[in-house]
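Each in structure tokens, the structures are laid out below.
There are two complexes below, and they share chain A, which is joined by chain B in the first and by chain C in the second.
And now, the complex of A and B:
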């Protein structure tokens, strides 16, 4: 009796898990299948039906060549903004987190508290004052308007702070100081080589935050040639007939996009993030510290 | 080659009222192996870290060869330190660990290699030079930590309980090696331990600390024979010195109904309370009717000797904070049996007297 009852419980749990898995995976599956179909097929056929490879190739071609290869320009812009922003975020966050965790200076606790507070603040709340600042500095419309704000990455500072406080024994740094290293060399020769996992993690989060950012580039760019892919996607939605029928009366010369094209564009937009994740994951190797000190 | 001098050196941690190290006056002589010993929290590690430059000196001064170092950064003090947990750089090989300080000092690479190799040879770790610390055993890591210190040829070695992470057998072997190595190199060494056996076997002199205050600094022999106060008497020696409550009588010290005669006149009045210190080997069986009566509750037969634990009777009290049993050393196969009532006497000239309130030694012999 007891066994069958446990069995039944297992089945119930399994069923609940399956329902939730399906709930979250169905939209993703739909998204990846959509570009293989025509707009008509998307509406009439089963959501899980596979269209054809030739339709997929056709969709890909349409979206890439759309409006003078705009999608490729946007991807390139996104890459510049994101790599620039990530580099700046890592350059600022890693030393800052290190200093908060392992050195002593006046105001350290206050700075740490401020870091926590601003981490909770939504980034969008700062976009307007940032716009005014960037404008005053004469950087509006330049790539710096989208890179400089990422030098301020409190989440990365906090992650680094946690990592250094938890994994690097203070005696290790004391040993280096006694061995003749100044503060800069202690950081460069000891702390940084041991921080590879956190550099990868902070870099990854900064990259994703920058790549997926919408509101900041929405405010900071004014020309389609400066758009990152996220703003470009919004423009594509505006060009999709079924979402915006008023603009596309019969006989218009503008290329009209359809829903499968939009799905293709979304896949193109998320692909780089997936690639960066695979790259960063390899560096997230732990166990670097085994053997530093005897536990 | 260096002389290290602490002059009224004091360190009080933030948010603490009591100094961790309180007005320390101590000199480590040129080439000397000086051991700082005491119970945990006595300030011995803080003292070491003050000399290393890892702790501030709030008052007083610390100098090396007559020059104050309190305002120098650790890297400018020309000292090397072996940490309790070794603190080896995990991302560097053994050779890189040992050569790091020389690299920081911009010593030419060929010379670094030469000196690392020479130090590795002394410590017998040549075959591990290319390994990472995590690939080494605890004992090997300990040697690398030693190697990192000796490669530098510093003025002073600092060692913070370097043996406490080793197992008992390896600890005894390494103890002798470190002491021999230090004597060969002749580098002034300050060594911290909580283990009084380690202190007694390794140090040229031993400084005993308690609650941030230096109690006594002398050779191991002198500490054992002539402790400055009741704390040093009880801390040094294993098993510990027996501490009993006594009162000054006429021509001797009264323990219950027993009187231990004192030849010199005591500098305290008759009737005053004193603490009587008797080491286990200072006790012997007394003829029936004389001596301190005690009932044997346990016998430790160790082969070469035997320790008898006995509960004192007839109004003889143990001093406050002391053990509740008297421990007496016997030759093997001569120890009394458990449950037996024995009478113990102090061997001539072996009794130590301490002031019952201050704990200071009263200089008089029985």
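And now, the complex of A and C:
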């Protein structure tokens, strides 16, 4: 009796977990299958049916060539903004985190406290104030309006601070200093080679945050040629017949997109971040839990 | 992005509150110079001043320097007929999102923690993957999921009597829809965080409870839950701060169906942007962003100084 009750409980738990697996995973499976089908097939066939590779190729071609290869331009813009922002974030965060953890200077604790506050505060809270400032500075519409804010990454500073606090003994650095190594040499030749994992981690987080950002580029760009792919996706919704039917009349010369095309665009847009998630999952999780096991 | 997919998770305490280092000045490490510290933080401090502090100061200046006198930008913003509804919308959204996220994330984490290591890891990975689709991508995915003609969840939409996309995104449904989107992208990351926190609970403690006759349910309720309570509070407070900033979801959803049902000023951030971009009302926009900023700052300061989740020494 006790065994069967336990068995029943186990089945209930499994059922709950499977329901949530469906909730989290079905949209992703659907998304990857949609471009293999035509819009008509999406309505008539099973949501989990695979269409054909030729339809997939056709859909891919349609979305890539759409409106003068706009998707590729948006991808290029996303890459410039994200890699530029990530490079700046790493350049600023690694030495700063190192200094906060392993050097001493007046104002260090205040800087750490401010870093924490800005890190916890939702980044979106700064977007409109940033827009007003960037507008005033005359940087509106330039790549710096995005690269500079993406490069300001207090979370990276905090991660680096935790990493250096936890992994590098102060005695090691002190010994090097006593042996005559200057501060720059200590950082470059001792601390940095030990910090490769955190450089990668800060890079991953900064890249994902920049690539997925919508609000900042939404307010900082004004022309389609400047859009990153996230804003491009929003533009594509406007061209998708099933979501905006009134935009298109029969016989119109405007190229109309369909649901499979939009799904393909989403896959292209998320591909870089999805790859990071899949292949760097362990690192990302470690970062999210950074220091959680530290006493 | 208005609602974070991956929380910026703190480390546990760095050092211990009340340790000897607190309250007195530390000596510099042997041989190190203060100048070096300044050089290493210089670039970050420059970015912090230019992109963290200056915009806040400028927004406050704009909000208070309206030609109508100090505070008039706030008065204009508060009296705008769109201001109160925008805040009502996000409050409704947050009520649904925060309650459901808290119950489901904690519940799912506790369930996963009772599974075999490999099984739990598999589920956690699946729950975590939608985090990669944060931003506009997740909203587009949910456009498909909410379209009764093509969605794999069409059967559920039909149960509720929704046969057309426009029925699904009726104005009354929007807070729930945005809560589902936010939960879908963010819950997995929080489950990973909570799971990590649960793993920090000493195994002996759980074994003792089991020896004393506590079953899995009682162990979860009386041992595990109290020990991860601070993380639950952290999730709630951080999500509250993020929820007030809602922008991408209503903006992208508004692009579909010619924006029927989703106004351009559904959330406070949208309203602030609408005023700035459509009417050049920078002072009013600044006033609204200052209100949102104060909310975000208050929450952050509360967590840092009162929450005791972080240590600055």
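The criterion applied here is as follows: the second predicted complex is superposed on the first by the 257 of 295 C-alpha atoms of A that agree within 3 Å, B and C clash if a C-alpha of one lies under 4 Å from a C-alpha of the other, contacts with A are read in each partner's own complex, and residues count from 1 in each chain.
The rule is short, and it goes like this: contacts are C-beta pairs under 8 Å (C-beta built on N, C-alpha and C of every residue); 3 or more make two chains touch, one makes a residue touch a chain.
What you see is a predicted model; the values in this text were computed from it and never measured.
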Could you look at A:53 and tell me whether it touches chain B, chain C, both or neither (first, second, both, neither)?
neither
Given the touch rule stated above, what does A:231 touch, chain B (first), chain C (second), both, or neither?
second
State whether chain B or chain C is in contact with more residues of chain A in the superposed arrangement.
C
In the overlaid three-chain picture, which partner chain does A:177 touch, first (chain B) or second (chain C), both, or neither?
both
First (chain B), second (chain C), both or neither: which does A:277 touch?
second
Of the two partner chains, chain B (first) and chain C (second), which one does A:190 touch, if any: first, second, both, or neither?
first
With both complexes overlaid on chain A, does A:19 touch chain B (first), chain C (second), both or neither?
neither
Contact residues of chain A, present in both the chain B and the chain C interface:
174, 177-178, 288-294
In the complex, go through chain A and note every residue touching chain C.
13, 16-17, 20-21, 23-28, 30-31, 34, 42-43, 47-48, 88, 91-93, 95-96, 98-100, 102-106, 108-109, 111-133, 136, 148-149, 151-152, 154-155, 157-158, 161-162, 165, 170, 173-174, 177-178, 183-184, 187, 205, 208, 212-215, 218-219, 230-231, 233-235, 237-238, 240, 242-244, 246-247, 259, 262-263, 265-266, 269-270, 273-274, 276-277, 281, 284-285, 288-295
Which residues of chain A touch chain B once you look at their complex with the stated criterion?
169, 171-172, 174-182, 185, 189-190, 193-194, 288-294
Considering only the defined contacts, which chain B positions touch chain A in the complex?
52-54, 73-75, 77, 79-81, 83-91, 100-101, 104-105, 132-136, 138, 141, 148, 152, 165
Can you list the residues on chain C that touch chain A in the complex?
1-2, 4-12, 14, 26-41, 43-45, 47-48, 50-52, 54-56, 58-59, 62, 104, 108, 111-112, 114-115, 123, 125-137, 140-145, 147, 149-154, 165, 184, 187-189, 192-193, 196-197, 199-200, 238, 241-242, 244-245, 247-248, 251-252, 255-258, 269, 272-273, 276-277, 282, 285-286, 288-289, 292-293, 295-297, 299-301, 303-304, 310, 312-313
